[in-house]
Every structure is written in C-alpha cells, then in structure tokens.
Amino acid sequence: MNLIFDTHWVMMLILLPLFGAVACFLWSRQAVTLGLITAVSVLLSVIALTLQVLEQGTLRYAVGGWGAPLGIDLYVDGLSLLMLIVTAVVGVAISVYSSAYFKPGKAKHYWPLWMFLWAALNSLFLSADIFNLYVTLELMGLAAVALVALSGSASALAAAMRYLLISLLGSLFYLMGVALLYHAYGTVDIALLAQQVESSPAVWAAIGLMVTGLLLKIALFPLHFWLPAAHSSAPAPVSALLSALVVKASFYILLRLWLDVFPEANLALSYLLGLLGASAIIWGGIQALYQTRLKLLIAYSTVMQIGYLFLAFPLASIIGWKAVFYLLLSHAIAKTAMFMAAGNILFYGGHDQIADLDRVAQRLPITLTAFGLAGISLMGLPPSGGFIAKWLLLEAIILSGQWWWAIILIAGGLLTGAYVFKVIGFAFTQAEVPHEPRMVPKRMEWVTLTVAVLAIMLGFMAPQLLALMDLGAPFGETMS
Amino acid sequence: MNWAFWLPLLIVLSSLLAALVIFILPEEKTKTRIGLNIGAALLKIVLVAIMLWGVHSGYQFETRLPLLPGLELVLRADTLAMLFVALSAGLWLLTTVYAIGYLEDSPHRSRFFGFFGLCVTATVGVALAGNLITFLLFYELLTLATYPLIIHRGTEAARKAGRTYLIYTLAGGALLLIGTVWLYTLTGTLEFTARGFLSTLDSMHHPALIIIFVLLITGLGVKAALFPLHGWLPQAMVAPAPVSALLHAVAVVKAGAFGIIRVIYDVFGIEFSASLGVTLPLAIVASVTIIYASVRALFQDDLKRRLAFSTVSQVSYITLGVAIVGPLATIGGIVHLVHQGVMKITLFFCAGNLAETLGIHKVSEMSGVGRRMPWTMAAFTIGAFGMIGAPPLAGFISKWYLGLGALQAGQDWVIFVLAGSTLLNAAYFLPILYAAWFGKSTGSWPNERNIGRYETSLALLIPPVITAILAVLLGLLASVPFSPLEWTRLITSLEYTP
Amino acid sequence: MRLLLMALIIAMAAGLAYAILSLPAESAGLSVYTTENIAISGVTNPVTAVLLNYRAYDTFLELGVLLLALLGVWSLGSTATASQRPSAPGPVLDNLARVLVPILIVVAGYLFWAGAYIPGGAFQAGAVLGAAGVLLILAGWRINHRLVGLPLRISLVLGLVVFAVVGTLFMLTDRQFLEFPPQYAGVLILLIEGLATLSIGIALAALFLGADPEEDDN
Amino acid sequence: MINTIFLYALAGVGLFSLGLYALIVHAHLLRKILAINIMGSGVFLVLVSLADRTQGIAPDPVPHAMVITGIVVAVSATALALTLMLRVRSETGQAELLEEPPK
C-alpha cells in the first residue's frame, strides 16, 4: 500500500483539525502544543493530497460510499486544492504566531475554536454539495464569531454580535436558495445540478437568494458595513484569519455556484456585481485612507480588495477568473502578514493609532519591513503575487474591450499606495518612546516577515500555480 | 557553469545580496559594512568588465526565468544594455565611496546602504532587461528602493518630498503597466528587438499603437523628468547628497531616459515610430523641457535646486537625440546618457562637499569658496563647463552630434534649441564660477567643520576629482576603441536599416 | 423608509411565491433512491437512514456545530450577574423536577430506540434529555464538582468522537469515511445515536447553563 | 387550484419575509434573534412542505433530515447569540447595537 497515494487525505484534512479541536478542548493546558502539532500535520496532509492529485488527477470522494445524489460528495480540483493549500500555509503561520500571542487564559479558548474554524474551512473547500456547504458555512460562521468576541472588549462583543446576525441572515438566504434548487431538481450535488439547471423562476429566485446571502458574508460594498468593526476589534491572529480566509470561503462558494450551477446568461447581474466591486475598490480605498487606527485601515483595505474579486464577473473569461483567483491567494497571504504586523505593533505599543506610529515603527524594523512587503503585493507592484494578479486582470480587461474597469484597477492601486505609504512614512521619522514598551516575542516578528516574503515570492510562482489552477478546468476549457 | 546564463544574473545579484546582508547587519558593524559595500561594487565592476569584453567578442549573455505563461524574466547583455550597465557599475563604486565618507557617524546607515544597494540592483536590472515586462519589474523596484533614500532624513520636508515622488512615479508606473499589457495583448511578445517588433502589425492597430506609445512615454517621462512631469525632481533635493548624485546621474532619471530609448528603438523601432508620426511631438516636448528648465534654473538660489533644474534640462538632450530620426542625432542622445551622468555626478559631489564641509547650500554663499576648497571647485568648474558644452569636454561631443544629427535629419530648428540652451547654461553656471574664484570671501562660512587633513575628507574629495578627470578624458579620447562614443556608434549601427 | 423596506420585502416575497408556485406539482425528490437502499441502510425509518447513513456526514458536522456553539458560549465567560442567579426553587418546581426528570429520561431512551423504525432519533431524544437537564438546573441542581472538568468534557465530545472513530475505522478496510458495512450498519448507527443522544442532551443543558461550570467553581 | 402543500410553502415564504422585516426594523437584540429564528422556521417550512409532492408514496425523507440538521444548527446559533447578547448587555448596559459603526 502506497502511503501517499492510497491514504484518504481528503478526509484527513477534515478530521485532523476536528480531532485537534477536541484534543485542545479536552486537555486545555497542552492546547498550544496540540494545536501546533495539528497545524503541521494538516500542512503535511495538504502536501500529500497535492501529490496525490498531481498523480491521479481530480478527485471525487463519496462520503459514506453512496455517491451523489443520495450521498454527499467531496471534490478536489485546482480551485479547491489551492484554497486548501493557502489555508494550510496561512494556518501554520497563524498557529505559530498565536502560540506566542495569547495568554494562557485566552489560549485555552482560542485553540479549540481556531481548530474548529480550520476544519470548517477545509470541509467547505472540499464539499461538492450545496446543503453540506450550508452546514460548513454555519460551522465557519459560529467559529469566526466566537473568535471575534474573544478579546472581550465592549466593541469586540458588539462587533461579534453584528457579525453573528449578518452571518446567520446570509446563511438563511443561502439555505432558502438550496431549498428551491433541491425542490426543483431533486439533488443538492453541484455537478448534477450543473447538468440539469436551466433558466426558470425557481432558479432565478435561488440565484437571487444565494448571491445576496453570500454577498452579505463576503461583505461586498454596500453590504460591507459589518466587516471593519469585526475585523479590527478581533485579536490580531483572528483578524488575519477572517480577512485572509473566512471572507474568501464565502467567495469560493459563490465562484463555484457561478461557474457551475448558475446559467451563463445573467449578463445584467454580472455587470451589477462588477459595478459593486468597482464601488468597493474606490469606497474602501478612500475609507482606508482616512482611518486613524491601523487595524481599521487594514480592515477597509480588505473591503477594497474584495471589490477586485468581482471585476472578473463582467469579464467572464478564463484569464479573468484566473486573475482574480490569483489575487485572492495573494491577498490572503499579504493580508495575513499585514494583520500580524499590526498585531506586533499593538503588542509593543499598546495602541495602533497611526499618528503615533513613529514611536513604534523604528523599534520594530522586521515588522515594518513585513508590512512594507505585504503592502507592495497589495498595491500590485512587482515583484509580488499582487503584480501577477494585476497583470492578468489588466490583460483580461483589455482583451474584453471593457476598458473602464482598467481605470478602476489603476485608481485602486494608487489608493492602496497612498494608504500603505501613509503608514510606511512613519518608519522614517524620529520620535522618542514615551513609555516602557512590551517586547514582542521574536517568533511573532519572524513569522510575520516570513509570510510577507511569501507574498513577494508568489510573484515568481505563477507558472506553477496557474498550472495547478487548470486542474479539472474549473473555469472552463482553455483554448490553447 | 554556464556563463552565458549566469553572468547577467550574477551582476544583478551581486548588489542585491550585499544589500540584503547589509539590512540585517547591526548598525555598529561599520567595517563589515564598508567591506561589503566596496567588495560588492568592485565585484560588479569586474563582472561587468568580463561581460563587456565578452559582448565585444561576440558572445551572447542571456538569463531567462519563467514569470508568467508565455512571458519570461529576461536579462540580456546587448550593446545598449552594456553602455548603461558599465555607467551604473562604475559610478556606483564612486558614489559608495562618497556616501561612506558623507554619512560617517549618522544614524540608520544599515538601512541607507541596504536601499542604496537595492537601488543599484534595480538600475542594473533596468539596463539588462531583455523585454518590457522585465524592464517594468525593475523600473518599479527602483521606485520602491529610492523612496526610503529620499525620505532618509525623516524631516517633514523629506516626507513631503517622498510623497510627491511617489505620487508621480506610481502614477507613471501605472501608465507604463497599462501600455505594456495592452501591447502584449496585441503582439503576444514583449521582447526587445533591434529596430522594433511592431512594424509588421496590421495597420488597423496603428491608432492603438499611438496611444500605447503615449502611455509608455508618459510613464517613462515621469522618471526622465520630461516637462510637465518633472515636478518631483527639485523637491527630492532634500535627500542626502550621494542620493541626489545617484538619482540624477545614474539611477532614476537615467532609467526613464533609458526606457525611452528602449521603447523608441527596440519596441517600436525608430523608423516605424517616425512613420507613426510620434517622434516629432516628442522632440518638441524635449525641447520645451530643455529651455523651460534652464530658465527655471537661472532663478534658483539654492545650489542643489539649480543643479536639479539643470538635470531636468540636460536629460532631455537624450530624449531629444533619440526623437530626431537620424543616426548622428541618435549617437548624440545615447552618448549623452554617459556624458551627462559623469558630469552631473561631479557637480553633485561638489555641492555635497560644500554643504558638508562649510554648510554652504546657496549660490549666494559661495563667494570666494574657490580658495578655501580649490580641488572641489576645480572639479565643479570642469563639470559646469562640460554642461555648457565647452570643447574639449564630454558635453561638447554630445552637443556636436546632436547638432549635426538635427541638420542631417532636416530638423534645423533644433539648432536654435541647442544654442539657446547653451546660452542659458552659461548664464546659470558662469556666475557661480565667477563668484567662487574671483568673489571676495567674507572669511566665515555658514557652518564650517574641519574634516580630514585636506580641504575635506579624502572619501569626499577623491570621487569628484576622478569623475572630473573622466569628463575631460571622455571628451579628449572620444574616438578611442571602447570609449562611450565608439560604443554608441556600434549601437546605432544596429538600429538603422542599412 | 419603512414603507420602502416593506415594499422591497413584499416584492421579494412575491417573487419567492411565484418561484415556488412554478415548481412542478409532483416530484419524487430523492425518495426513489432512499427507498431503494433502505434495506442496506441498517434502519427502516427513512429519515434516520438519511441522517445516520446516506448523509451521515452532515449529521457528523452538525454535532460539531453544537459542540462549537458550546465552546463559543464558554469562551465568552460568565454572563450572569448576582441578580440573575436562580433563586431557591419553590416546592412545586422541586417536586415537579423529581417526578419529571426520570420520565423525561425514559422518554428520551424510547425516542432514541424508536428512531430506527419510526420518527424519532438522536436529536429528538437529545432534546428531551436536554430538557431534563434544564429542569434540574432550574430546580437548583448543580453537577458534582468532581465531574465538572475532564469527565464533563469527555461526555460532551463523546458523540462526535465515536462518530468519527467509527467512520474512520472502516477506511482501513478499503471503504470510504462513514461507509458502514450493511450487516453492521444497524448496530453501529445505534451505538453512534446512543452516544450522540447523551452528548446532545448534556450540551443543550450546558448551553442553558451558560458559562463553563469549571470556571464558575473558581 | 393551489393545493395545501403549496399553501404551507407560501406560509413559509411569509414567515421568512416577516422575520426579515422584523430583523431590520427592531433594535433590541432579543427581537433580532427571534426574527432570525422565525426566518429559519420559514425556510424549514418550505423545505418540509414541498417534500410531500410525491403523490401517494411516503414523503421524500431527505428534506426532513435537512430540516433536522437545520434545527440543530439554529439551536446552536441561537444559544451563542443569546449568550453574546447577555455579554453585550453586561458590557454596554443595553441589549442593542449602536447604529454608528465604531471609528
């Protein structure tokens, strides 16, 4: 028996973090160790799954042995695999970071919740069943809400409350859509639905409901109102998880449904999404520029970056989808580094007022470097993952002839430059430290830098990653 | 080991790796840092010398790494690249020596020299870039690497200058990006090719090509400080003197000018550009820049600002030269890339010496300074006469070819531009020289410090003296093999259909 | 504003109603498949077959949701202020609890057992068990402090863990996760349901209680 | 003629819409949480009622199982929401969310 090719890595990816959560819950004193072990084992499993899929092609796994439509299927193609990989990479980094960030009293709550969130993310990316996706969405939502509330401050609790209500509302819209689709076609399997779906009132209603519900969770302008508070008041590693992965998970579902289930003719809707995306870019960018707190700035930057993802809808080309998916991966990595950096600054100085950053920035050169590198990727400057994404997106825009999106894309890049350099500029001014700071653990600084360097390195991995994306042709068949 | 593949990469990496090590070096390890700086600069010169010899002997050096499907990161040593690489490598060594002397005892030296190294890496990358996307990559890296140098001092003025610089360069970079991607969607290739790769394109695309040309040239014009995109340059004068020297003579403005050369000759092709009708407007813009900036320079009392406007004016000679369609003008433009660099760096070194030693920042404070600092002012004088275009200095050679080229191409009006600019150059340089040598010294200087046994420390004195001598030699020995002029003739011979 | 909102929602409702009315009046859904396979599912109640076999994976994750909610509630810390602490129960409540709790436990046991062939099952049984717990809490009963730490936690995760372990075991014999061999399916489902009932009941009661009793002790 | 199955489903739509209205209009968190639950009941009603379109044979069991799953999720979420509400009240003194997002 070949260990790599015969093991059910797909299931391991769901079970390992779940067992990790239970273990952290049962033996909370050892939660940090158990969590780190789990994190590494999940990463190894993802690597193994990648090798397996590269060898054997896309993978459909019938849980319970029944297979669709009766049972639930899991499905691995380029899209889900890359989501799993980026989750594992971010997950390991966050785990290392968190192992130094939390005090024991918080850590014993944090670790089981985080492991649950990881299990939810992995199961979400793997699911090929729209009802099962609902369950994973709820699993993810509840874990995320609990994590936001972890810091216990009044603002964090209020943000968590709002987030929970929005999350539940979004799920119910989604579930109503699932109900309609099931009763129209007698299946909840994405592949089977894709074969049967045709334009009908029920399908249109389902599209309306599911898209609305998911947009709420993705926080696309103007439904973004809950995000800045939730993402900025959470503990730093949680902010990173939310911005990097959780909003992306909802987007992933939307992408899957859009590509496979929803008929291709909703031109008006795709333009509307593109328009909302463009508004998100401009609005989020301007808001970010005017923030006085670093974490809020980064949170609005997420609002903005989400907007970019929707520029691919009106373009409706393979290269456009690839571009935004590359952007999604780059943003996940860069945003993780950025929130970690903000966490270090907060940890050190006790606050994250941008105007006072000059007192902190000079003492944390590694953190500031990481922030700068992540910023380069967000701006889309070379060499970075963000640049590759911007290049591809620009190519898709020009090929489609819809040149007006290019203006938005460029304006967005400049806005990003403005708010990133607003922060960086403080690194060069001289100021005294007014009070005794709290030393940032070395581990937290270095893992931040490592992730930031990775965000740059993504600029050199495009041939490999784009090839992985083609696995199973999730965006349709390439012509070449 | 495959030299043809590794050599271009090594030339880029030599300063990159040094920079990265310097970043993590503790502030107090001065000796190690100096060793690394000088060592890397020397290594680069040796590598460049090997490559220069190789290219001359007909070897092909090329590094290719995959970047995107269908697009590669290409570093290639063609003749034009070698001209710029040799200039950067040589002047980097001198500037490094100068900067070490200049920044003695000041804080944040690790940070400074780290970005300094990155800056040179980016410049060399720009020079060696074998296609437009590689060029773009290093061009943007250059923006990022120079920003921290400009705001190095951390004052409010420095931050403001940094902001202005970013607004200009990031916007310019964005235009360049759009133009590049658009071009790629039309042609499917971005590879620099002698005489361009666009002339075979269907004529229905010609309107698009004109827009692309404007996008690319505007994007590059920001760094090349073409009027009206030059606003950032005088502001950036708040940076330390070695940075100004680097910015003006080697890195930033030259990257812009070099990019314009590349786009006109190796993307569009000069003859195709002319047939699109885009060269004449560019020549006019360059001429306006030359005259306008010279006039502005006249009214600057701040020495470095006067030199900055002079740069704006002089760099446009390069653009003017390449925009006049004709081999002789091309020679004048391209060779000025080197000549202006050597002369301008001399002037900035000298200005830095005056500021560092005597606290002189203004032209009006320079009265009689020639007796206090004879070596510095001698070098300054050579640089200034070079700029004016007095024979037998390097600047004369450039102007001579530009003028001949304009006549050859039938663009007689250019002669008036050259003449006017020469007069203006004289008008803003000669009073300085007169005051320095013949003016009466008041006896006290704004902020005099005694550095070293000579008029100032050797590290500050030797670089300008060397570059001044170079400026003389480049003029005197212009026809010797391997001289920039001869090398430029070689470049030009490839760009025109025989 | 409210009028606008109302109009929007009415429009949405009308659209939804239209969509629903446009659905075919007859549709077997998946009932053909569920009936076909009921013989090898291990149970005769089709809903239980879906829950614990065909779509057992959903149920498995959903046990996770319940546990996660409890983790979330516990991570929020204590919410009770002094005034909210339950007062001593009156004689009625006290006696009612003494009578009802044993009955509820028996009912829970029945529901869990009956789930295999008629409506019922782990969740219904767990809910009744949870109700018994709530009643006990209202009557002032608190869990013995020796059972509060690890034992309580183990009982909470038991359903989920056994579900996962049983599911994983058969992966070693060349089956998929949660693929029960037909001949053992009935027994395995019973085992899983039994432990799930227990975990669900305890979790529901714990959710009612609010904060982690271990922390309340301190 | 609309048969009773569809009538139930339409009632589900009604509950869903009512819940949505209440969720937006009411400020008190308890009402919001109740509104969410009412919306949930509406969805469940649509799911279950339409499962009975099998004409003669037993209703489709799959939506029933889905509803049971959905109910457990709803119960869990409600429990978390209520606890969170209590925490918000004990920290801010009121069980409402301010309209202004924090700056």
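Here the chain labels run A, B, C and D in written order, and each chain numbers its own residues starting at 1.
Operating definition for what follows: a residue touches a chain if its C-beta (ideal position, glycine included) is under 8 Å from a C-beta of that chain, and two chains touch if they have at least 3 such contacts.
The structure presented is a predicted model; accordingly, all values stated were derived computationally and were not measured.
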**Fill in**
Chains in contact with subunit B and also with subunit C, listed by label, are A
**Request:** Determine the chain that sits nearest the middle of the structure, using the mean of its CA atoms as its centre.
**Result:** A
**Prompt:** Whole-Å distance, subunit A centre to subunit B centre, using C-alpha means?
**Reply:** 43
**Prompt:** Can you give the whole-Å distance between the Cα centres of subunit B and subunit D?
**Reply:** 68
**Prompt:** Roughly how far is subunit A from subunit D, going centre to centre by Cα mean, in whole Å?
**Reply:** 27
**Euclidean distance of C-alpha centroids - subunit A vs subunit C, Å** = 30
**Asked** Can you list the residues of subunit C that touch 2 or more other chains?
**Response** 16, 20, 23, 27-30, 34, 54-55, 58, 62, 65, 68-69, 72, 76-77
**Fill in**
Listed in rising order, subunit A residues that touch 2 or more other chains are 131, 135, 138, 142, 145-146, 149, 176, 180, 182-183
**Asked** If each protein chain is taken as a node and each touching pair as an edge, is the resulting graph a line, ring, star, complete or other?
**Response** other
**Asked** Can you name every chain pair that touches?
**Response** A-B, A-C, A-D, C-D
**Request:** Would you mind writing out the residues of subunit A in touch with subunit C in their complex?
**Result:** 8, 11, 15, 18-19, 21-22, 25-26, 61-66, 69-72, 109-110, 112-113, 116, 119, 123, 131-132, 135-136, 138-139, 142-143, 145-146, 149-150, 152, 176, 180, 182-184, 186-187, 200-202, 204-206, 208-209
**Request:** Sort out for me which residues of subunit A touch subunit B in the complex.
**Result:** 365, 369, 376, 379, 381-383, 387-388, 390-392, 394-395, 398-399, 406, 410, 413-414, 417, 421, 425, 428-430, 460, 462-463, 466
**Request:** Under the touch definition given earlier, write down the residues of subunit B that touch subunit A in their complex.
**Result:** 23, 65-69, 111, 133, 136-137, 140-141, 143-144, 147-148, 151-152, 154, 158-159, 162-163, 166, 170-171, 173-174, 177-178, 181-182, 184-185
**Complete:** Within their complex, subunit C touches subunit D through residues 2, 5-6, 9-10, 12-13, 16-17, 20-21, 23-31, 34-35, 46-47, 49-51, 54-55, 58-59, 62, 65-66, 68-70, 72-73, 76-77, 79-81, 121, 123, 200, 204, 207-208, 210
**Item:** Of all residues in subunit C, those that touch subunit A in their complex
**Value:** 15-16, 18-20, 22-23, 27-30, 33-34, 37, 53-58, 61-62, 64-65, 67-69, 71-72, 74-77, 150, 153-154, 157, 160-161, 164, 168, 171, 175-180
